[in-house]
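Paired with subunit B in one complex and with subunit C in the other, subunit A is shared by the two complexes that follow.
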Partner chain A sequence: MSRIDRREFLRYGALGASSLALSSFPFGGKILNFCPRAYALELASDLSTEEARYYKKLKDWVVECELCPRSCKVADRERGYCGVRENREGKYFTLVYSRPCSLNVDPIEKKPLFHFLPGTTAFSMATAGCNVNCKFCQNWDISQVRPEQTRNYFLPPEELVDLAVRYKAPTIAYTYSEPIIFYEYMYDTAKLGHTKGIRSVMISGGYIKEKPLVDLLKHLDAVKIDLKAFTEKYYKEVCHGELKPILDCLVTLKREGIWTEIVYLVVPTLNDDRREIDDMCAWILDNLGPDVPVHFTRFHPMYLLKNLPSTPVKTLEMARRTALKKGLNFVYIGNVPGHEGENTYCPKCGKVLIKRTGFSILSNDVVSGKCKHCGKMIPGVWS
Partner chain B sequence: MGKRSQLTNDGTKPRFFVSAFYLGFLSLVAQTILLREMLAVFSGNEIVLGAILAFWLLWVGLGSLFGNWFLKRFSRSLTSLGWSYPVAAFSLFVALFLVRHCRALWGYLPGETIPLLQTIITATVSPAPLCFLLGFLFVLNASLFSERLGRNLTNKVYLLEAIGATVGGVVVTFVLIPYVSNINIAFLILLTSLIAGLYLFSSQAKRISIAVVSLIAIGSLLLLVSGFTTAIDRFSLRSVWRGFSVRENIDSKYGKIIVTQDRDLFGFYENSSLGFYVPNESHAEESIHLALLQLWEPRSLLLIGGGPGDNLNEAVKYQDLKVDYVELDPELVRVAEKHLTFSPEVKERVRFHFLDGRFYVKDAERNYDAVILDLPEPLSAQVNRFYSREFFEEVKGILKPGGVFSFKLPSSENYISPQRAQLLGSLKKTMELVFEQVLILPGTSNIFLGTDRSGELLFDPDLLLERLHATQIETKFVNQNFLFDRLSFFRMKMLEDNLAATIPKLNTDLNPICYYYGGLLWASQFRLGGGKILQFFYELPGGWPWFFVLALGVMIYLLSRIRANHLIATSKLLIFTVGFASMVGEVVILLSYQTFRGYLYSRIGLLLALFMAGLALGALIGRRYRLQIKGLPKALLLSQVAFVIYILVFIISLGIISSGTIPSLVVETITYIYMLVAGLLGGVQFVFANNIIMRMQSREVTRSCGTAYGLDLLGSGVGAAFCSAFFIPLLGLRETLGLLLVFALLCISLLAWLVVSRK
Partner chain C sequence: MRSRVVLVRHKDIFDNRGRLKRPKVTEALDAGLKALTGDGDSRDSLRKLFDASGSVALKLNCLAGRMLSTAPELTFSLAEGLHSLGVKKSDVIIWERTGRELASAGYSLNTKEGDFRVLATDSRGVGYSRSLFVSGKVGSLLSRIMTGIADFAINMPILKDHNLAGLSGGMKNYYGAIHNPNKFHDNNCDPYVADVNALPDIKNKNRLTICDCTRVQYHGGPGYKPQWCEKFGGILLSKDPVALDRIAYNILEELREKHGLKTLKEEGREPKYIFTAGDEEHKLGSCSIEDIDFVEVGLS
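Coming up: the complex of A and B.
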């Protein structure tokens, strides 16, 4: 496992800037000297024509997508709800294969994954498109547009993995928008990454069918699921989605044994009712067990909900208390730096195991996957 | 005694005066409160405002054209006129209900932004019955009383209606709005309309009608006096804010303030937009520290906007820092003080100034180490004036050498869309014209920094961290990890690349392009949001508004030639152009006022009243010159020449006003005069053109008055829509006036040709 320290980051920045200065290309040109050490990233000039892997052909050049529970029936020259899959004469294509529009190096804690290689970085990427439309989306200008509306790079899986290696990121995170909609690209990159020692994590809303999910999990190392609420009403009104398939997805993840963490964004007046949170925790306990980390994160006014104030910290504390009382072992508070709810506590001896503030790790007392103080096994991926 | 004097004696004449006057009064009061209600529900963007105004005028125009058709076929009586006013007042309630509850009716959540398309549909549909009736009532008044009094009274109705509107504007601005809620104003309108109705048909109607109207009037009065209407208002408010605990509901001079509480968090809303909330340390730490850490030991800070919340607590963490906090609305601070606790340091070291931020900066002395602007994005002309080159120059003028100016705009930390890049790029370009060094820090909000010395601004997280440690200030959010994540090479580079890929225009007072860019960004949030329409107009070749106006001119010319009677055709089209031109003039004045004075919301009623007073005055002057048919085209020509001179003077004075050398009181007075004169010229021209139609079609009063009024309003509607949505943001205020000048010259040539050909 390798880490990138801030000095290194700055040095890369300086190198990148100098390579830029030396470049003969203007900023808006065809090639962007985006990365350090004169590593040039090419802007994609077109959309991809990689055939989709989960669909069936119907009559009259109509296809039915079998990737997500929406099961879009798509006529010729039309696209699915996600806007990134197109039917061309009865053949279904993904338009975003090797076409990411956003690349960053983030702390893994930002995803958030708290029990997965803490203190490391994740090379994070996304393409345009999403299969739901959440009114609070913080990445709406990627997720709610079509790929021809974004500036995309041409970055095949080999180069993406290579970039993660260059940035000394042990993990690639498929994130920001909804990775399920660039399934083929994620699948190939994750598979290739494993051959080069790079792990893959999917940061997703979990709106996917079982078959493609199970196939994908063979090449993933962890999954974070946004469980956006615990009512169908909320999913329908706020996200244009459904709850049931998400719960099914979580059960599948548990069954397949992949490391999973859950995020519940607490939105004032919409999903902050104590009973709803109580019901959700009961379901998690019954179906996923007590060791799944649950993060109650703070909402900030975003996108179409700019007129809702943030979640009061006291509401998050109520949610955390409710979950702990229900019997969940690892319950966190997110987006409130310095709060004690950011730390990992040993469920046996109660001592602080990982002390955090924001995305920083201040101390880590998990040794070989066990509590340094009492030896209790702490679930997660630690090395 | 002749028939005419008999009719006069039976009370028709006073009824005519009351009816036409009340029509204007009702129209302006209803328009003002409905506009306030809409501004409080929809995003207060001028593009939306223009659409609202345009559809209002179009419906009134259509109503009068319908009146034309209808009244030619069906009988008219004082009873039907008398009933029409209460029906109009009732439709005001319907409009208010639809606007206030449109979020729920459309299925949107409380706090959710209503998309442009739905906003425009609501703005179109909700006032439709009311406006349609108002247009119809104009024709009904003119035709009914013309018939009864035996002469064409269209111009007189126009005059009385304008006087009524003027009085309505003054009453609603100074008497009603400060003390009475919108719902109660609507009840008062219902009450007065019932009384007016009673008076109108008292001599003719059946007793049962009089009894019914009297009962409704007494019932309304009782509801008003008993406080029931206030209870309805509260109930309706609760249903709009379902899920929230509303602690305050205040109609201040500058807008509607709502305070909500959720556990220990207070949200402060201004016109339904979340202004600020407390606690919100992350916002405050970002706003304050990323600017002040650029300086060693800052001593003086000017903070404009952001609300009297955590920003102040954060700022006083700097030892010996004196803070001047500028807030337009004292009510906001009063209500914040009621619910929030200010630290002793805030009480000791913060001075509150209640006035417009731009005025404060204009008159302030050069002694600030830092100026922080914490306002919403420039989505409207009102806010855009704080992001213009002129304002940046004024800020630079009050900063000490090496001082820092900062503001932040919401953004996305992972991707910069072309629409956002356009807005950010324009602001960067504008900043760079004024400041020696400009820096934008990426993140969930982009922080703009500017200073008059190059190489002073820091973006190295190490150096910023060093400064933070040196201040010994305790922060929760702005820390090592925050700085390194936020100022990562990837994010800095992504922002730089995306901005470099755009070629934005400069944002100035007279060319407020950023509110158009803001509109594009705002509209891009919605899948069916109208953003594509805005983008389409933006991407058209630069001079399209000129082609539009030229094409309009040519079309008017050709249409005037098609009809056998050129004089009537030309006059009718001229009425359309008068409506178009005076509305463009009115919108330019309103937005200039917004730009230079900054608080349109509190003066909208007065400005509209002045315009109507001008119309009344113009109609009066026009009536004094009882010209023969031969002299009318010439008179129209002269009035059009006067309009050209008016535009020229306006263009010149805009340049002088924007230089900032004229005292603000003078600017305010000049604006009022311009508004009055715009109305006056419109009124004179309407009367002259209408006289031509009346004289030529003297046997058909209904037809002439409805057509003239309808065309005037249709022209106004087209003018309002194009001017506020496209002309001003794309061309700027001065070029829009230039456009109007060309249009007026086209009309002059048409008239000159008519005068010469008739000779």
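Coming up: the complex of A and C.
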């Protein structure tokens, strides 16, 4: 990975002086080499003025956002909670359309998606902004800031798809921050990607209203949802969000038939109670079925939650046991490289199907979507 | 200890084209400072608040454009006053969140040596702190103007209605110092405004609030809506940011009543944060009218 240097910056038409970027931009130089029409944006006035697609106009130039359940009522000159949508004289704009601040080529396992084209790469991108504020956020330096505070590139959907093709990534992953807040950009990119054989996956907290979600799913191929806890109290106090809309989102994903995996970040003392995990697994079983993969991942102190220790591995193992006992078929442990809980096991014959360590695949015995040993169909997207 | 809030109203502060008259603004500011501290000379009033060898940041509010932002006439009157005490011109920092907002309100960015500095947090080399500051429910990066560049601060907001906070006056103006104000508008910004103002770099550096009430937006804010904007012709001053907002709340409600509007409480927009700022946990100032000496000065 290389940083963009001054020469490249000037060569490709950068607009101004040094920026106030909070986040690094490790991929910048390569992007410019591969996609010469992309260029760095340095001024706040370079933000997008693409009209938002889900909002209604109220009286006196106030608008109500209809994208996420927060339903922000935003007065003229103000922004929604996400910080990337602004009301200008009664018209609502997304400021981050075609303005990514983070780009990388990642293993799909990093998302994590374990039952979606294992061993392939995902061209991964994000803009600034998020519609919740989780105290444990790992990427807060891009998710909890405004787009003026990140170094952004101008990269319209066609350029983004083109980059995925050039990097031979079969998938674009909308990830790192919260893709719902750059909905229009994601939607247009995903739609265009399909015309060029590039798939799209959304890595999200799932805090979105049903209508925009259903509209978007026509152009997505998989979704990973962070189910951050199974209590409203946690969502309110730790994430500044709500649980119920996330459960509604998961039910919608199931109904619409899109491949979905769930991540549950286990935070010591806050959401690691066995009963809570048991209740959540029961809900998943009843509403989504036994085949949705659930990843229990390890928390590390970060952002506003630096006072707690990393999750003990035995707590993750307890969560995994609880889920398996409840009847879920594919339960994983994340952020513990080399742990046996990273592997996929056949729910029928019990043999290891996909052996992993970290984000690497060591062996894969899923053949044509079936267990090589017993022939059981393994749910997922394998080709 | 009782808090004092001074309201100066000048009947002759606008010319017949609705523009502010700079000499009259200066006169009102001078009268207000003297009434605030009881001094015979406004320079003595300021001298009590600042060490002239330090730098002083004047936080403006320029969100709503030229018609509803801290007036340059008031800002530069104060800047000249500070300079007359011995504060170097380049140590007077007139600032706002973005250069775009400053420009929309009639200010030009200026970093010339020997002149008053006009800066924005998004100006080259300024930016936000590298570390997060946490206060109550707020966790934010702070403008480096507050954390490093300035030794003291004067808050120079305007008085306006706000569709979520209820009132945007002194304390709410420091939302412009943090990097993530959009996260803190729920529950009428309570307790977030109080939490932001309890951040040490704000609480300890801010010595004075001078609220531009020459025009007051009593409804439809925070953007400029001429149909609900009154030429009030006033300046509100206090060393106590909570007391100033408490009086500002009364002024806003009086204007709303005069124009036949519901109270902010009836509209579900009571600025509860004022009372939170004055509570035992925050102790940022006096929120009770009984504890405030409200002094009105009329000029003509």
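Please note the rule applied: the second predicted complex is superposed on the first by the 338 of 383 C-alpha atoms of A that agree within 3 Å, B and C clash if a C-alpha of one lies under 4 Å from a C-alpha of the other, contacts with A are read in each partner's own complex, and residues count from 1 in each chain.
The criterion applied here is as follows: contacts are C-beta pairs under 8 Å (C-beta built on N, C-alpha and C of every residue); 3 or more make two chains touch, one makes a residue touch a chain.
Predicted model only: the values in this text are computed from it and were never measured.
In the overlay built on the shared chain, the residue A:Asn139 is in contact with subunit B alone; subunit C does not reach it.
Of the two partner chains placed around the shared chain by superposition, subunit B is the only one that A:Asn104 touches, whereas subunit C remains out of contact. By the touch criterion defined above, A:Thr171 lies against neither subunit B nor subunit C after alignment on the C-alpha atoms of chain A.
With both complexes placed on chain A, subunit A has more residues touched by B than by the other of subunit B and subunit C. When the two complexes are overlaid on their common chain A, residue A:Pro312 makes contact with subunit B while staying clear of subunit C.
Contacts of A:Leu304 after superposition on the shared chain: both subunit B and subunit C are touched.
In the superposition on chain A, no contact is made by A:Thr120 with either subunit B or subunit C. By the touch criterion defined above, A:Glu78 reaches subunit C but does not reach subunit B.
In the superposed model, A:Thr322 makes contact with neither subunit B nor subunit C.
Contacts of subunit A with subunit B, set against its contacts with subunit C after fitting on chain A, overlap at residues 17, 133, 135, 144-145, 149, 303-304. Taken in their complex, subunit A has these residues touching subunit B: 6, 9-10, 12-13, 16-17, 26-28, 32, 34, 36, 101-107, 110, 124, 126, 133, 135, 138-142, 144-145, 149-151, 176, 237-238, 268-270, 300-301, 303-315, 337-338, 357-360. On the subunit C side of its complex with subunit A, the touching residues are 63-64, 98-100, 121-122, 124-128, 132, 134, 139, 141, 162-164, 179-180, 182-183, 185-186, 220-223, 225. Per the touch definition, subunit B reaches subunit A in the complex via residues 107, 109-113, 243-244, 260, 262-265, 267, 269, 272-274, 277, 279-280, 282, 410, 412, 414-420, 444, 460-462, 476-477, 479-482, 484-485, 488-494, 496-498, 500-501, 524-525, 527. Of all residues in subunit A, those touching subunit C in their complex are 17-18, 20, 22, 44-45, 60-62, 73, 75-83, 89, 133, 135, 144-146, 148-149, 240, 303-304.
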